[in-house]
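Next, two complexes with chain A in common: one pairs it with chain B, the other with chain C.
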Partner chain A sequence: MSIEIRNVTKQFGDTLALDHVSLTLEENKIYGLLGNNGAGKSTLLSIITDRQKATEGCVLVDGENVSGNDAALGKLFLVGEQNLFPDDMKVKRAFDTAQMFYPNFDRAYAEATAEKFGLNLKKKITALSTGYASIFRLILGLSVNTPYLFFDEPVLGLDAQHRDLFYRLLVEKYAENPCTIVISTHLIAEVANLIEHTIIIRTGRILKNLPTEELMADAFTVSGPAATVDAFTSGRHILTSSTLGGLKTACVQGVPEGELPVGLELSKINLQDYFISMMEEEDQK
Partner chain B sequence: MFNEEKPIFLQLAEQLEEGILSGAYPEEGQVPSITEYAANYKINPATALKGINLLVDRNLLYKKRGVGMFVAAGAQEKLLGERRERFYHDYIEKLVREARHLGLSAAQLSEMLERGIENVD
Partner chain C sequence: MSIEIRNVTKQFGDTLALDHVSLTLEENKIYGLLGNNGAGKSTLLSIITDRQKATEGCVLVDGENVSGNDAALGKLFLVGEQNLFPDDMKVKRAFDTAQMFYPNFDRAYAEATAEKFGLNLKKKITALSTGYASIFRLILGLSVNTPYLFFDEPVLGLDAQHRDLFYRLLVEKYAENPCTIVISTHLIAEVANLIEHTIIIRTGRILKNLPTEELMADAFTVSGPAATVDAFTSGRHILTSSTLGGLKTACVQGVPEGELPVGLELSKINLQDYFISMMEEEDQK
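So, the complex of A and B:
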């Protein structure tokens, strides 16, 4: 049970949105798909869920090509920014429709969750505010019970309380009923402890693809007097550094080696800072 | 809730220990489930399991099949013993080092300790 993305390329005019991307999404894991605006995250998710066609390459869901394949598509659900329901449809009716297409759609759960978020079932989907339109799509995602779930910027337009509620429900859902989840987001700090595996995409290419724990073990931050930091980090791969007066902080790739000189402080790096450092380094190239 | 100094699963284990020590999780009482921990802290359930298993491995928690995780009898006493053993390393060594760093004499340090014992609530 897995999704295999084989050598997928997507071209829009002369823009290469995805450049020979190959990935495997394993069963029952939570993936974080991270990248700057325009990196190709949404395009990749659209191709996996067959909303867009790849220019080259293919996507296999449990061994079957997803393109035009209803059985394979029934195993996937993408929570994106688009509303896929007719304009005048009410939330309640949309739940009916979802139930028709996804036999495991949990109607009672969807309605209970709508109540938790304060989503009015009688409202027309198009009459929902930006936040509630997102919430409506999130509830569909949490209720469909497909083996593969994709969230493209899931908390866009949600206030802090609703974001918190969403993550809580997502974890609960996953803990009780594991499935493969891919979350594409800019709010890295919010998902850093959730994602077991991190995929970083940049200008249409996969830059990193490894367990989050391994990724995080491969960088550290050291700070102290500039000269001491420089001596300690000499010959090492420095991702970024900044100075504030005589105090220098360097973000270094790899694991710290040797005795730590007096006056230096070592700390772990968090995923968001690491991501920013990586992007800044790539920008320099 | 968590900081970046230590892995999350270790911090979760420490919180659980603290709960047992303080009596918030009494012996033979049930502790929150993996799902509750994971959902509450928005962490991967695998991380929560790893943290809880650290206490299971030390026989501080035990599993009742199909029911959940419980605090073992004697867990509080056991933790208390461990903490007392670590007290010298965790506190006294640091205290002495810092005192030296600040140029305090042994007599001054002893005097301060006595003052602390008398005055701290």
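So, the complex of A and C:
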């Protein structure tokens, strides 16, 4: 059981949105799909879920080509940025529709979750605020119970309390009913502890694709008096550094080696800062 | 030099969006305006900048009532969620307009900043993506050089690298040219180190209004074996707690007292988690 993305390329006019992307999404794992705006995240998710066609390459769901294949598509659900329901449809009615298309849609769970978020079932979908439109879509995602679940910017416009609720419900859902989840988000720090595997995409190409723990073991932060930090990091690959007064903090690629000089402090890098420093470095190339 | 918000109430039909809000915004300070969706943040910012009229109460800018007062309004700039420029206007032309209305608008800085963000000056404002529409507005904010500056959700839709760039530019700007800045945002963790003073608003009322440092000193996190944590926190006001295996982490109101039992670890609470736990607690009332 897995999704195989084989050599997928997507061209929009002169723009190469995806450039020969190959990836495997294994069963029962939570993936983070990270990348700047325009990197190709949404295009990739649209192609996996057959909302867009690849210019080249293909996507196999449990061994079957997804293109126009209803059985394969029934195993996937994308919580995207667009509303796919008719403009005047109410939330309650949209749940009815979801129930028709997804036999494992858990109606009772969807309604209970709507209540937790304070989503009014009688409202028209198009009348929802940015935050509640996101909430409506992520409730669908949490309730469909498909083996593969994709979230594209699920928390856009949500306040901190609702984001926290979403992350907690997602973990709960995953614990009770494991499935493959791919979360594409700009709020990297908030999902860092959730995602077991990190895929970083940049200008249509896969830059990193490895277990989050392995990625995080590949860099560290050292801080202390500037001169001591400089001596310790000399000859090493420094990703970013900042100095405040006489104190310097440097984010360094690799693992710390040798004895740590007195006055220096080592700490783990956080995923969001690491992502930013990687992007800064790529910009310099 | 200050802004005085005096007893401001705003009623929309049956809804009391703001309920007798009184606040002082002092000169040369960075404020965080925090609150869930629907709490009244945007309404408050709209009334301060005279885009909406208060049902009751008034706003004084350096002692003068802001209502219909061009001189007072010239001292304020709101980076809001709406585009106030004509639909077919290009970014470059919008900078021209800003220059006409705000004599201290720094055109060279605006263009250099647009380049840093990769914002195309020749694009029509309405053709910008969510991320670039935010970038366009926040560049205006960074360039107008008014003594009072308000940012309403300035980073909505921005990727992590662009958010980081914005925070760095904001700090740089503030260091070179101090002014009063109010940032309303749902990304609390990211601005926690920026905001000197925190205002928390809930259902139209001010819940907290104090220096961020003072607010943060009012709670702490303790973790360790569940039984030891329970004994240490017994009789105390526990905001939230979570247990994983036999380890418990509790977020506790107040300052830690007495000797810390062996095996327990104290840490500072983070502003976003503190905010969420405050909201959870208010929900229970």
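Here, the second predicted complex is superposed on the first by the 285 of 285 C-alpha atoms of A that agree within 3 Å, B and C clash if a C-alpha of one lies under 4 Å from a C-alpha of the other, contacts with A are read in each partner's own complex, and residues count from 1 in each chain.
Everything below uses one rule, namely that a contact is a pair of C-beta atoms (placed from the backbone, for glycine too) under 8 Å apart; a residue touches a chain by one contact, two chains touch by 3 or more.
This one's a predicted model, so the numbers in the text were calculated from it and none came from an experiment.
Engineer: In the superposition on chain A, see if there is space for chain B and chain C together, and answer fit or clash.
Structural biologist: Here chain B and chain C cannot both sit on chain A without a clash.
Engineer: Could you tell me if A:D19 is touching chain B, chain C, both of them or neither one (first, second, both, neither)?
Structural biologist: In the superposition, A:D19 touches no partner, neither chain B nor chain C.
Engineer: With both complexes superposed on chain A, which partner does A:E281 reach: first (chain B), second (chain C), both or neither?
Structural biologist: neither
Engineer: Between chain B and chain C, whom does A:N36 touch in the aligned arrangement: first, second, both, or neither?
Structural biologist: second
Engineer: Go through the superposed model and pick first if A:G131 touches only chain B, second if only chain C, both, or neither.
Structural biologist: second
Engineer: Going by the contact rule set out at the top, does A:D159 touch chain B (first), chain C (second), both, or neither?
Structural biologist: In the superposed model, A:D159 contacts chain C only, not chain B.
Engineer: Which partner does A:I188 contact after superposing on A: first (chain B), second (chain C), both, neither?
Structural biologist: second
Engineer: Jot down the residues of chain A that show up as touching in both complexes, chain B in one and chain C in the other.
Structural biologist: Touching chain B in the first complex and chain C in the second, residues 164, 190 of chain A appear in both lists.
Engineer: For chain B, which residues count as touching chain A in their complex?
Structural biologist: Chain B residues touching chain A: 2, 4-5, 8, 34-35, 38-47.
Engineer: Would you pull the chain A residues touching chain B in the complex into a rising list?
Structural biologist: Per the stated touch rule, the residues are 30, 164, 167-169, 171-172, 174-176, 190, 193-196, 267-270.
Engineer: Touching residues of chain C toward chain A in the complex: what are they?
Structural biologist: The touching residues are 35-37, 129, 131-132, 156-164, 186-190, 272, 275-276, 279-280.
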